[in-house]
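Take a look at the structure below.
A, B and C are the chain letters, set down in written order, and residue numbers restart from 1 in every chain.
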Amino acid sequence: MDELETKIESVLFWKGEPMSRKKLATILKVSENEINDAVEKLKNNLAHRGIVLQEKENEINLGTAPQISNLIEELRKEELNKELSKATLETLSIVLYKNGATRAEIDYIRGVNSSFTLRALSVRGLVEKTVSETDNRRYIYKPTFELLSFMGVAKIEDLPDYEQVNNSIHNAVKEEDVVAEELPIQNLEDETTFEN
Amino acid sequence: MDELETKIESVLFWKGEPMSRKKLATILKVSENEINDAVEKLKNNLAHRGIVLQEKENEINLGTAPQISNLIEELRKEELNKELSKATLETLSIVLYKNGATRAEIDYIRGVNSSFTLRALSVRGLVEKTVSETDNRRYIYKPTFELLSFMGVAKIEDLPDYEQVNNSIHNAVKEEDVVAEELPIQNLEDETTFEN
Amino acid sequence: METESSSQIYTVKTEAFEGPFGLLLDLVEKRKLFINDVSLASVTEDFLSHMNSLGDSGSLSPAEITSFIQVAATLILIKSKSLLPNLSLTDEEQGDIKNLEERLRLYRIFMGLGGSVKSSFGKEMIFAPLERKNEILVFLPDSRITKDTMMEFARNVLGGMPKKVFLPEVEVRKVINIEEVIDNLTQRIQSAITMSFAEFSGKKSGQHTRAEKVTVIVSFLAMLEMIRNGILNAVQNNHMEDIIIEKIPDSALVEEVAGEIN
């Protein structure tokens, strides 16, 4: 294990929360490319261990290996809320397999207004609302590390059939903007609603 | 890495504090000898990494590698001295005006998960986590005495418009049922997501 | 909370919340059909009568009624066109039909994915480490924590929460609009019947005799009348009910506070 890799592992362990690669580069006084290389190595090193490295966009995080799930669950004092309503499942599958979606896109696919479902998912920490990188007037609901953790995947691409599904739906959803105005309540609400 | 070693690493990583070999043997349903062998292997495996295995009498623990201690100390100072985010201040205001709140209540009012912001507030001694007097399975976040005196209030009721804002918060949390109707998700008792 | 197996057949009355696509897809799939205009035309009557009974039972919120009605309007178009091929549709109407098919296909994809999410969710999980204990007790406040800023933040976050309000007028307008759509379609169908009178007698009509075809159309018109009344009932039963919408938070206030401090 090289020095940078060691440091990254240490810092992530100490922090116990997700950190951005950018932040790590600043702290460790190296380039982001160097961070990326070291993270790749660290990930390989952790491949068959009790700790996994999770990745999401620019952030990385350490967690327990999914195969130990039952054991840790037993050790926890509090019960996990694993309940998912039909509305929640639909919404989560859209947010996951599209790797982030606007509320208009979600409403378009579901045929119903999803604002309450999205708020509840956000309260549970399973999705987060972020400003679109390409259009700062739009909000995108994205999967959180917490959601990836519940799904037991280190990164979004590890979801079953992700690649295949993601390709096929991207081709199919192009027309969403045209129809967004048809949706109930849509126009009454502003996307800033849940901002914090 | 064999299975037992993986499990030990996972549990120690998750727990973040020293555990006795005996306790590990009980949890993992193996003999103490088996634990000793696996711990020896784990120690060797971790020898040149960012996470090290520490032993003290009969207890073992995972910690950051000693050669990284200066870096960690720097990070700790930086974390303690950085400006509080808007999200953190917002969370603090609810803890103050609710005069003690569960994380679920704070999440519900804010519409987002507040684990990280509550952690940031705890680390800086602004709020403290206590077990609820009425329900010992629930944690309540309370403002610290130091915070109140820093703000120049002798008691929480001296906050401006305390009664009115406090009432609004109580009503907002009560209305929870109304909103949860469509989304059978919200559970005030549920502190589980990130926390223990 | 659903604990039922995925094989359980959709039942209209029991589900607390089921959007129009769930119902429509179920009707199409029960008949083992592909999603296209032909299959949608064949399930239109079923969809409308299910919708009507949902409306009568009062189990739909106004927002839900609206989303069902939107789909119903498009289905009625599809059905009318299938009964009367010479009925001319506007570009917008044709667009609605194409969109409905596409949305339904997408919805089916995500319904399936929802099943796979359900089967992995919470099974083999990754856990974040427990909160590390604070070894050193410190008190490190921030100059922005004052009595006034805390009050502003608290008021602001409360102001941003979803509020209960009355059914917005626009919802009612959309519902009224569907009435017009039905009236308008009824007229168009009636005049199309006259226009295509000759066509009915021709051999193009396949197995249907002229009399049969007229009967089908007349009963569809009767159905439309029933739906029209059903929608009115649903609206009358529901439109005074509260629904909840989001209030736009006055985030400017927080910024103002922050600005004052900086």
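Here is the rule we use: contacts are C-beta pairs under 8 Å (C-beta built on N, C-alpha and C of every residue); 3 or more make two chains touch, one makes a residue touch a chain.
Since the model is a prediction, treat every value here as computed from it, not as a measurement.
Chain pairs B-C and A-C differ in how many C-beta pairs are in contact, and the one with more is A-C. In terms of the distance between Cα centroids, chain B is separated most widely from C. Central chain assignment: A. Criterion: smallest distance from chain C-alpha mean to the mean of all protein C-alpha atoms. Annotation: 21 Å between the Cα-based centres of chain A and chain B.
Between chain B and chain C the centroid-to-centroid distance comes to 40 Å (mean Cα coordinates, whole Å). We define each chain's centre as the mean of its Cα atoms; on that basis chain A and chain C are separated by 27 Å.
Residue positions of chain C with contacts to 2 or more other chains are 1, 17, 127-129, 131-132, 157, 160, 162, 244.
Residues of chain A in contact with at least two other chains: 13, 16-17, 62, 64-65, 67, 72, 80, 83, 85, 87, 116, 119, 146, 194, 196. Residues of chain C touching chain B in their complex: 1, 16-17, 61, 127-134, 137-142, 144-158, 160-162, 164, 244, 254, 258.
Those residues of chain A whose C-beta lies close enough to touch chain C in the complex are 13, 16-17, 52, 54, 61-67, 69, 72-73, 80, 82-87, 89-90, 92-94, 96-97, 108-113, 115-116, 119, 145-146, 148-154, 160-161, 165, 168-169, 172-173, 175, 178-179, 182-185, 187-190, 192-196.
Chain A makes touch with chain B in their complex at residues 1, 5-17, 27-28, 45, 48-51, 62, 64-65, 67-68, 71-72, 75-81, 83, 85, 87-88, 116-117, 119-125, 128-129, 144, 146, 194, 196.
On chain C, the positions that touch chain A within their shared complex are 1-2, 15, 17-22, 63-64, 66-67, 70-71, 95, 99, 102-103, 105-107, 109-111, 113-118, 120-129, 131-132, 157, 160, 162, 168, 170-171, 174, 244-249, 251.
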